[in-house]
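Given below, in the form of structure tokens, are the structures.
First chain A sits with chain B, and in the next complex the same chain sits with chain C.
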Partner chain A sequence: MHAVSEIPSLPSVRGVVGAALRREWLSHRLNRFLYSHVALVLVVGALPLLTPGDGFSRGAAWWLLHGVLYAVSLSSLLLGLSSAHAEAEEYVWIMGQPAGIGPWLTGKAAGLVLLTGGSTALICAPVMAMGGGTRALAVVTVGAVGISAVCALVGFALGFWVRDGVRGLIAVVAGWFVMLFGVDLLLLALAGAPWVQANPDVWIALLMANPLDAFRITVLFSVERAAFSGLGAGALTNWWSANAVMWLGVLCLVWVMLGGLLAWLGLRRRTDDV
Partner chain B sequence: MKLRCMLGVFLWVALVAGSIAVASAVDSTPGDSLRVRIVAAVEGATLVVEAGDYAGPFLISKPVRLLGRPGATLSGDKKTHVVTISAADVEIGGFTIRGSGRDLSKDQAAIHTTGARSFIHDNRIVDSLHGIYVRRADACRILNNVILGDGAVASTVGDPLTSGLKPGESELCDVDSPQDRRGNGIHLWNSVGHVIAGNTITGTRDGVYFSFTDSAVVRDNAITKVRYGLHYMYSDDNTFERNLFSENAAGSALMYSKGILLRGNRFVANRSHRAYGILFQSVDNTRVEENLIEGNTLGFYLENSNNVTVRGNQVVGNYIGMRVSDSTAGGRFSENSFRGNIHPVETSGANLANAWTVDGRGNHWEGALTLDLDRDGIADLPHREPDLFGGWRRSFPAIGLLSASPGEKLLRLIHSRIALPSLPGVTDTRPLITARELP
Partner chain C sequence: MILAHELTKSFGARRVLRGLDLAVEPGAITLMVGANGAGKTTTLRILAGLSRADRGTVTICGRDLEKARGAGLAHLSFLPQAPRFHPRLTTGQTACFYGELRGRSRREAETALDAWGMLEFADVPTGKLSGGLRQRLALAIFALADAPVLMLDEPGLSLDPEWRRSLQDFLVSEAGRGRTILVATHLLGEWEGKADRCLLVEHGRSQGELPPDRLREYFPRLGGVTEPAV
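After this line comes the complex of A and B, so read on.
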């Protein structure tokens, strides 16, 4: 009886998630990547201040769109990759824990999303500090946080699938090129195909599924309200134009969950390899 | 007895006549008095009308000056024109005019003139079909009037390229939608030599309507929140300077005309998905200079227009800055500045029939890679402005969703350095380093 009482109880799922989350925070505090990301976000956030006169507030969305597309997205991907590779030497030990990898991965991913998204929220700070806070700025900031979280989780998942540091870096940069340029170029190439022209909703759905394109469309046609001559493009386009912000939110949520799932599969694959 | 009878008849007649006279005096309105004054006035007389509400309609059939004091209002009977001018050299100014009929087939207006040299100024026109309708009357001056329609139409506008502008004698009023049962601010038909300046027009159907009207000067007017700010066809040799055309559902459309000068105007924020800052169709030998074309769905569209000079304009922040069809030839585009447009130029081919460099000076293209070693303000390398989407915009409108995408920008960047084959667009051989400012 006495021996039975000495068997340590299994840690609760909640306890493992909390511990992994705290460790993620500690790890990022010591990792210079996070500080670089914060610095980059602040520089991007200050870009609207380059607008002459008092136009920085009106032009903020345009500046932040390009800053997020071309800089913050890549930085977030790298941050995710770095996070995935941070405990590479401890994988065997982690896999052997009785709670399993699910709670640990959940806590780690949650910590990554909170840190990446939270630091990206600083993107609005420079304009707000200059008194340029607007609803458009708020929408763009929330969108930037979502894109940042998605990219971090994509980098996180890639990190578990590609364990080698250099190959992981190449994979992340390649993935960034695909999201940023590849989808657009592919769609541009497909646009002339008779089947695509007969079924534009398929083409549009592919565009809608890319978070960077969804963010661009949201900022251009919903926040900036750029006059768009293609409104006769069909019901799906019209729906997207009218509900761009909501769609971006749903899409980011789906991509975050997908990123987490892919990370879990990647980690499991590693377990099988071991 | 006979005398008493005659006296009785006399008293009865006097009583009846007196009653009629008294009744007439009681029923006489300010409008009646004004009509009497107009009829009684000698030619060239000046009639000053004190503040008050004068019930119309009024007919001015001789050359007089009708000037309203502040607060003088001419009210129509909602059955016909409020004021009809049928004589030459009539002046009317200073009134609030309201309540014309609403019969589109009869072109009813607050002021309807067939008199040459009408001078219509400083009136405020509300609650009417057309504001000022000029019909076969030359050399009218229409100055500093405020014309307020019932509201702007945004959802009922057809693309003028497909639906066309409809000319005719009682033109443009045969419309289907009840939302369109609204007249124009200033309607000019079959006349020459007008001066239209300083007017404010908002919420009417079209702002200024030109049909078969030549040699007019239109200057310093502000036309906002109407269907077409400028609705113009079969009218030659007219000048438009320093006007504002803003927030109109379809922008400004000019068709089948020649010899026009557009200078120093602002075509701004015409943003519905069928709106044009300026649309030219079959407009020849025309100059478009130093205008601001900003924030429109399509800034400036030239279709089948020949020998048009487009110089020194600011084409800024439009979805498509300029569309030049291959049916347009002899165009001369120079010293224009293209900034902040999602697509600076759209073409349907190589656009070889038009010149994008004139007298050694091209245009300013924001974001272009420029090299100016001799510092003469002109880039040493040509600028290629591609139109990646081309004709797909018509056959596959969803392509517009790739606007300003990184992929599109990447191809644009590559094309600016290495000409990609078979890509529609324009080539500016002498691009300007800096934008020319508007005077």
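After this line comes the complex of A and C, so read on.
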């Protein structure tokens, strides 16, 4: 015990971040969402093996693209939501600590990103195990890790804004539909507008800003090298086509930081509700 | 020492605190009593930095909570009402985490768990603990902070008589060591003769003090729980 007159000694910000990161890892040891996510990732990773003959290596990128878009992204969103909701009952303790919520949230988000991204990296394991490792597989795996991290933090942020479990689930599924189909449908609806026709870079920029679209375009046109009819359509399109992989990396980083910021704002907004 | 000046707080159109003043001295157990809705929990939450007052100031050991929140909270340990924890983490992991946030070692965390009879549950996920065991875990974490100011919101509700007595003994001992202790409670009977001061809160304002050795006389006014003293 310390003498009452002493000023209590507290850990550094880095110490709090580390403690929160370790706690996040420990808390997932019994999280069924994590085990479901790992199982799903391995199933998606094994899909290329369905390719007839010995073409599984060449077809891996196409299979993994669709597996990530339609399954792993949603699973990552749910993992992020469950992470945010798991501690909802404990905010009264956490927010009353002298370190404040910033370092705790940073450590927790970092733990979640590492865990989700790390487990998603297993997506290449089945093809690698069958001797089908290629550069394309490596690029798609890194992209899948990035998308997974982005989705986990979007789900995480939604979990801090929508505290109720059922509403949180609805919000996550709605967010997933917006990212997967909503942006594309909106862009399709806008495509014929004269103003968009006159400024195609704006249309492209919106497409580039959506991580699922950026991943899709990167895999189809940069990794799979599908025929691209839009070449020469504009400077931005050409730049994107030439730097798709780098852009996907930057975009994922920006979205991860945005997710963390939104989570922090959501938690701060709840100060009077804990 | 805890000082609150002219605290006001509204939730929508409902005014909960209407200029509450408070001074809690070190070396004593101070009760805060009042009927349901009087503003006790809101006051404690503001003092613990969990809620912001619309107006007024709070200082903990001389640190203004608005201007130096971290320094103020470093001097404070708060035990909330009906505490809950991450259900997938064990008792030991939970205590160690809060110990780390206060710069305490794993050994100190285990000592605190042991003091509250929780070391044998160290490997049990907190989601599987009963209400009483959760309360004892909360008390272990609360004590682990080793802070000069201790605030408790209805601390004995889930505890059996033996552990309620242990809690009172702990607080009496800590007050003897010069800690500042503020307890919001409805269990007036069991604090009679143990508390040094008793602050009355009504309609969001401080309404003076009650004699701490005759609290039972005020049951009808305060809606106190008439449990026998432990």
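To be clear about the criterion, the second predicted complex is superposed on the first by the 264 of 274 C-alpha atoms of A that agree within 3 Å, B and C clash if a C-alpha of one lies under 4 Å from a C-alpha of the other, contacts with A are read in each partner's own complex, and residues count from 1 in each chain.
Assume a contact is a pair of C-beta atoms (placed from the backbone, for glycine too) under 8 Å apart; a residue touches a chain by one contact, two chains touch by 3 or more.
Note that this is a predicted model, so its numbers are computed, not measured.
Trainee: Counting only touches as set out at the top, which of chain B and chain C does A:Gly118 meet: first, second, both, neither?
Mentor: Neither chain B nor chain C is touched by A:Gly118.
Trainee: Quick one: is A:Gly165 in contact with chain B, with chain C, with both, or with neither? Answer first, second, both or neither.
Mentor: Neither chain B nor chain C is touched by A:Gly165.
Trainee: Answer with first, second, both or neither: which of chain B and chain C does A:Phe181 touch in the superposed model?
Mentor: first
Trainee: Which residues, counting only chain C, touch chain A once they are in their complex?
Mentor: For this pair, the touching residues of chain C are 11, 26, 48-52, 69-76, 78, 80, 83-89, 93, 97-98, 100-103, 125, 141, 145-148, 177-179.
Trainee: Would you pull the chain A residues touching chain C in the complex into a rising list?
Mentor: Residue list for chain A touching chain C: 1-2, 4-5, 7-11, 15-16, 19-20, 23, 26-31, 86-87, 89-90, 92-93, 95-100, 104, 271-272, 274.
Trainee: In the complex formed with chain A, which residues of chain B make contact?
Mentor: 271-275, 295-298, 318-320, 342, 388, 392-393, 395-408, 410-411
Trainee: Using the touch rule from the top, collect the residues of chain A that touch chain B in their complex.
Mentor: Touch list, chain A to chain B: 69-70, 180-185, 187-188, 191-192, 196-197, 200, 203-204, 207, 212-213, 216-217, 220, 225-234, 237.
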